[in-house]
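Here come two complexes built around subunit A, the first alongside subunit B, the second alongside subunit C.
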Partner chain A sequence: MKKKTFAIFVGPSVFMMVLFIAAPLLSILWLSVHVTQPVYEQVEVEICTPGLLGSVCSTELKTRPLLDESGRILTQTTFVGLQSYRNVIEPEKLRSAIANGSWRELMNIRFWSALRFTLVFTILTLPLVLGTGLLIALAVNNTLQRIKGPVIFVSLLPFIITPVIGALSIRWLFIGDGILTAGLEWWLDRDIAMFAQAWTIELMMYMYRVWHVAPFAFVVFYAGLQTVNNDAVEAAIIDGASRWQRLRYVIIPHLMPLVIFLTLIHLMDAYRVFEEIVGFSASAYVISLQWLTYEFLLQDGTGARAISRASASAILTMIGVAVLLGLPLRRVWRERKGS
Partner chain B sequence: MKPRHILLAGAMAMSASMAFADCTNTVPVKTISNAFPAYEIMTGVMAGCGNVESELDKDHRLKIVDAFSANPSLYSMTSLTNSTSVPMIDADLLRPLDDLIATHGSSLNPNQFIEIDGKTMAIAAFANTQHLMYREDIFSDLGIAVPTTWDEYIAAAEKIPAAGVVDYPIGHYMKDGWNLAFVFVNHFLGEGGEFFNADWTPSINNEKGVTVLERMAKLATLMDPEYLVSDTTFVTKQMQQGKIAMANLWASRAGAVNDPAESSVSGKVVMAAGLRGSERIASTIWWDGWAIAKNISDEEAAAAMKLIVASMAEDVIQANNDDAIWLAKGFVPGAAAKGAFDTAAGDAVPYPMNKYIGSMHSALGSGLAAFMTGDKDAAATLADIEAAYVSDAKEKGLLK
Partner chain C sequence: MSSAALRQPMSLKVLSNGFLAFWCIVAAFPIAWIAVMSFKTPIDAFDSNPFRVIFGPHTRTNIGGLSLIDILLGLALAGMLVRQAIRWLPGKVAEYTPNGRTGISWLVGGGAYTLVSLVLLVVVLPAVLGVLNPVLGPLGTSIVGLTTEHYEAVWIDRGFTRNFANSMIVTSGVVLVSLTVGTLAGYGLARSDSVIAFWLLVVALVFRALPHSVLVAGYLPYFITSAEWLAPIFGDAAPTLYGKPWAIIAVLVAINQPFTIWMLRSFFQNIPAELDEAARVDGCSHFGAFRRVIVPVMWPGVITTGLFSFLLAYNDFLVTSLLLDAQNMTMVPAIANMFNRETTASDEVQAIAAAVSITAPLFVLVLVFQRQIVSGLTAGAVKG
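Right after this comes the complex of A and B.
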């Protein structure tokens, strides 16, 4: 292809990537090393507010932001280097926790406990999603042609549901005397509170994520199964390979590129776990890195947001995703070079 | 949520427009407000006047600063409280109302006005606070005296399981985040605590802070173990469904717990004053009302003002007497308002109206759960919250 033609074809998508991916990333990077604050003044203000039994007036010393000519709050932006990153990862507490060898102390630092949950969540759900997806794919592949359509449709349903809605509906099954909690209580004849300790909430979140994402793995594996070379399978049967051996030595190696693909997608998605924390109101017990970013972005009672720390936390999340993806990607790269 | 409320407002408007007819409005007006019965009533009346579009949203406070910064503002008016007024006044987004009150507001009570340096910035509709609500039937069965302090409350709660009527003795809005922090704020004030030193550095890591945390841990043992997901609405439902015997709850829910349409225990719940800490009543007084946007036309502002006045007309208040502690004319404090009035007549203080408490409230909101779940002890929790407050206030330019 001529260079010019190539440029014309690639140009628009490069432009889009710069505009929608590179530029926002750079701006977040910039935000994370700067802090923008209103300029405050101290003034005496007389305030009267309604009480139940008549007005209450008082003179108070107030910290008030200065306004510019156009009536907007006057702000100043200063370069703070890595201060916001330090505020997020709290290196002094980290050092003291490591020095004391105290896991509990480490888990009391918000960033590190969020990282702990995020990593466990990502790594624990990965094999479950792959395994469940493959099982459904094999099962569907072996069902009668007549009912395949409906079975595929039903298996896909969890993936179609909006994540927050899905999480909320599962939460309602379990919260308080939700129908499933009530059922469990009746069956086990004891009082159960699913939202009163960390491990039950975590368990529900793992289960929910697998339930939600396995259909995607199923669709990909199912497509892959249609391309399995039947001659190889028949040859394996003639050689006396059992069902398990056929799966292990013929089908799975054939599906390996898809496994890598699903692993990459899953690592990327699961590391950004957020809907589960919202849906299961888990924030009292476990938080994720994305939740931490969100918490910094929430307005406090004064309408202010911690933009700088939020940006730092977002950049750290991105670095985490890059590191996680690095391992499988390197493997793919090596295989490419080898072949 | 939203469409349902607009429908509800519409339905109420139809009945309202018959009763309160003389407020015809021709200028399009948009309102945003919190979502609970008192606001449903007021926006219902406004809708009856015509050309009013109302949005009722529990998270309205996250929208109003940005929405009112636009020119023209996205809403003509908003509901406002002690706490939400701070960023709105700081950013100069509200219209001084004195001239509009002079022309249209003769029917308002002077103690409804929020005045800052002599300028009226908002008009309160009702007051709100938190006070004791208890099941009279259970109390008289067991012969328990009505508690007035938190210690008596806990002692009473320990006797309640004997009645065998309720699942848990008490309920409390201890949902992780704003609610959990609010419980701490109230109790800390009740112990006579000062959140800040003179230079606005924090001072919660002390004996009073520890007392409050210990009490919160004690309370937690007396309620549904899922308390960290329980907000005000959740506690109201627990009360209505007869699952708890008492709660220290927002006065704005006093009507609902005895509403025969919603509550299975209507008529059995009695209101009493907020409970005392060692210094004063551990409740805060709030005002709730309306403010008008600065960035709208004079015509729209005048229309908004007339609607505000119409929404608190004497006949509206009389028709909905028990749904709020109205500050407007026509209100007759009934049994539902007794708890709130006794709280205000006591020594409960208003929720502070400043920026520092906003930052502190957020730091408490994300730091307290670790203590409640047993991950941290009281001193470590308070020290970490102080550190979180300092780093937050520094980033926001409030502390040097």
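Right after this comes the complex of A and C.
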């Protein structure tokens, strides 16, 4: 294909990606080192209150935003260097937390607690998702032909459901004296409030994520199982391999490329954990990096948005995902080159 | 291979099928349960006894419910409708299809069938049962409490129809634009082995990994002030991008592009290049070959990719909640607003009804497109 035709075919797509992905990335770099604020002026105001003998007057110094001729608040953008990053990371508090060796103090800083949760969430759910997916795939592969279709249909439901709604549906099972909380209380014979402390909420988030993504792993593994080389399995049987050995030494090595694929996708997606926090209303207890940026972007009480801090936290989030994906990707890259 | 060596012991079979049954319950239970809850009064919906939630005694005594005959006839009719949709409908659609326009005739036929089914289930059946129930005595007394008041409250009083319309505008826009742009790019990338194409794909993969909040942080300030900085180009007609559905469509299309072009590229690679080469030899230009030879055979891949674009746009919360104003809110952020303020129990059940309403189209989607979704999920993996 000639360069020109290629350019015409690919052009619209590249244009959209440059305008809406590459440009915003550059813009947050700029935004994160600048702060836009209303310009304030100080004015002396005479305040009079009616007293017993005529009015009592006093003058006060008041700050108010400057308005331009059309009545809008005048703003001014200044270069602040790394101040916004400092506001997000809070290095003084970090230093004192490390000096005191206090984990609790560290977790009081929103950024570090968000980072902690995001990483733990990503790493912890990975083996659970892979394991559950593989188990379901093996079980489906093992079952009657006739019920495979319906089972796949049911399995797809948690995957396809809107993440916020999925999280909400789990929340409604547990909230208050919800049906599952009641069941747990009956079983453990004690009072349980799932939404009263951080760790139970976190536990529900892990459970939700495994429920939500395991079907994807299942479908991919199931497709992989269809291509297992029967001759190799037969040879293993002749060599006297047990069922477990066949799984361990023939089937799982065959599925290894899929494991790497799923791991990469999972790292990308789990690092973005966000909808769970909306669905479980968890922001008072645990937050994730995406939530931190989201929170800065929301309007505060005065209608202002902390754009600069949001950009700084976005950049930090991005660095995080680069580090997280860099390690496994480099390994894949080396293996590709080696082979 | 049918050797005796592969036969499994009973215990393994029981274990594996038992696990499967357990998984199916886990997978379906939360969704099925909120569907049940949405039809009950708050007292029943949040009862700690599961049987009271299912049978809804409070709902039954205060509002009403279904009798045995209601349930039986309803299930029979629904079963018959589904059966006809599978057995009878495809033949009819094929019969009335003018040369090869299957897509459109399925749209018309399926739409008409759904409409007739809804009329039968919602209008005709209750009318018939209204006559039958009083006559039948014990069969006609209600046993399961059921109320649709929460659905009415959500859809009529709370204006969820507007959110639904917004969702439809955004999702259909995203699907159409992202498929048009993505198909061209995917085809171009599949038929090119230049270095640029390779690096384009690598960059797209990097973009795929970006958390969406990073991008939204980049849009938000510019979207809010766009009337100012677009003024030099558009004059007084410069639009404020913030809150505009078409601006969201553009954003979601771009976010979705990396995934779309990867997926479509792998589909196009499966279409033999000899096909368009033959057309080129016969004197077609590249675009002519694409239009006459590739377009007719690309629909399976395009439909699959379209499904995933639909899911991305329909399920999105982050982008839509930050960039749309209350007026143009789509369904998912709207429901989040519903339960975030101080809620009464009946608000909570209304939120559940809204959640079920959002899930219902997805349920139908899986029902109809199960095969395409599975093939789409595995397409990326097999290549990788």
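Everything below uses one rule, namely that the second predicted complex is superposed on the first by the 293 of 339 C-alpha atoms of A that agree within 3 Å, B and C clash if a C-alpha of one lies under 4 Å from a C-alpha of the other, contacts with A are read in each partner's own complex, and residues count from 1 in each chain.
By definition in this document, contacts are C-beta pairs under 8 Å (C-beta built on N, C-alpha and C of every residue); 3 or more make two chains touch, one makes a residue touch a chain.
The structure displayed is predicted, hence computed values, not measured ones.
**Q** Return first, second, both or neither, reflecting whether A:252 touches subunit B, subunit C, both chains, or no partner chain.
**A** Neither: A:252 stays clear of subunit B and subunit C.
**Q** Have a look at where A:123 lands relative to subunit B and subunit C in the superposition and call it first, second, both or neither.
**A** In the superposed model, A:123 contacts neither subunit B nor subunit C.
**Q** Is A:176 contacted by the first partner subunit B, the second partner subunit C, both or neither?
**A** In the superposition, A:176 touches subunit B and subunit C alike.
**Q** Look at A:281 in the shared chain and tell me whether it touches subunit B only, subunit C only, both, or neither; answer first, second, both or neither.
**A** After superposition on chain A, A:281 lies in contact with both partners, subunit B and subunit C.
**Q** Going by the contact rule set out at the top, does A:98 touch subunit B (first), subunit C (second), both, or neither?
**A** It touches nothing on subunit B or subunit C.
**Q** For A:51, using the defined touch cut-off, is the partner it touches subunit B, subunit C, both, or neither? Pick first, second, both or neither.
**A** A:51 contacts subunit B only, not subunit C.
**Q** Comparing subunit C with subunit B, which touches more residues belonging to subunit A?
**A** C
**Q** Identify the partner contact of A:82: answer first if only subunit B is touched, second if only subunit C is, both if each is, neither if none is.
**A** Touch status of A:82: no partner.
**Q** Just checking: does A:319 make contact with subunit B only, subunit C only, both, or neither of them? Give me first, second, both or neither.
**A** neither
**Q** Under the stated touch criterion, which partner chain does A:16 make contact with: subunit B (first), subunit C (second), both, or neither?
**A** In the superposition, A:16 touches subunit C alone.
**Q** Starting from the residues of subunit A touching subunit B, keep only those that also touch subunit C in the other complex, and list them.
**A** Touching subunit B and subunit C on subunit A: residues 175-176, 281, 298.
**Q** Provide the residue numbers of subunit A that touch subunit B in the complex, in ascending order.
**A** Checking each residue of subunit A against subunit B gives 35, 37-40, 45-57, 60, 62-65, 67, 71-73, 84, 87, 104, 107-108, 110, 175-176, 193-198, 281, 283-285, 295, 298-304, 306, 308-309.
**Q** Taking the touch rule as given, give the residues of subunit A at its contact with subunit C in the complex, in rising order.
**A** 1-3, 5-6, 8-10, 12-14, 16-17, 19-21, 23-25, 27-28, 31, 36, 135-136, 138-140, 142-143, 149, 151-158, 160-166, 168-170, 172-173, 175-179, 181-182, 211, 215-216, 219-220, 223-224, 230, 234, 237, 243, 257-258, 260-262, 268, 271-272, 274-275, 278, 281, 289-290, 293-294, 296-298, 305, 307, 310-311, 313-315, 317-318, 321, 325
**Q** Sort out for me which residues of subunit C touch subunit A in the complex.
**A** Spelled out, the residues of subunit C in touch with subunit A are 1, 3, 5-6, 8, 12-13, 16-17, 19-20, 23-24, 26-28, 30-31, 33-34, 37, 46, 48-50, 53, 180-182, 184-185, 187-189, 191-192, 194, 196-197, 200, 203-204, 207-222, 250-251, 253-255, 257-258, 261, 286-287, 311, 314-315, 317-318, 322, 332, 335-336, 339-340, 348, 351-352, 355, 358-359, 362-363, 365-367, 370, 373-374, 377-378, 380-382, 384.
**Q** Which residues of subunit B touch subunit A in their complex?
**A** These residues of subunit B touch subunit A: 61-62, 65, 69, 82-84, 86-88, 90-92, 110-118, 124, 127, 129, 175-177, 180, 200, 224-229, 285, 287, 289, 325, 327, 340-341, 344-345, 350, 353-359, 361-362, 366, 369-370, 372-373, 375-376, 380, 384, 391-392, 395-398.
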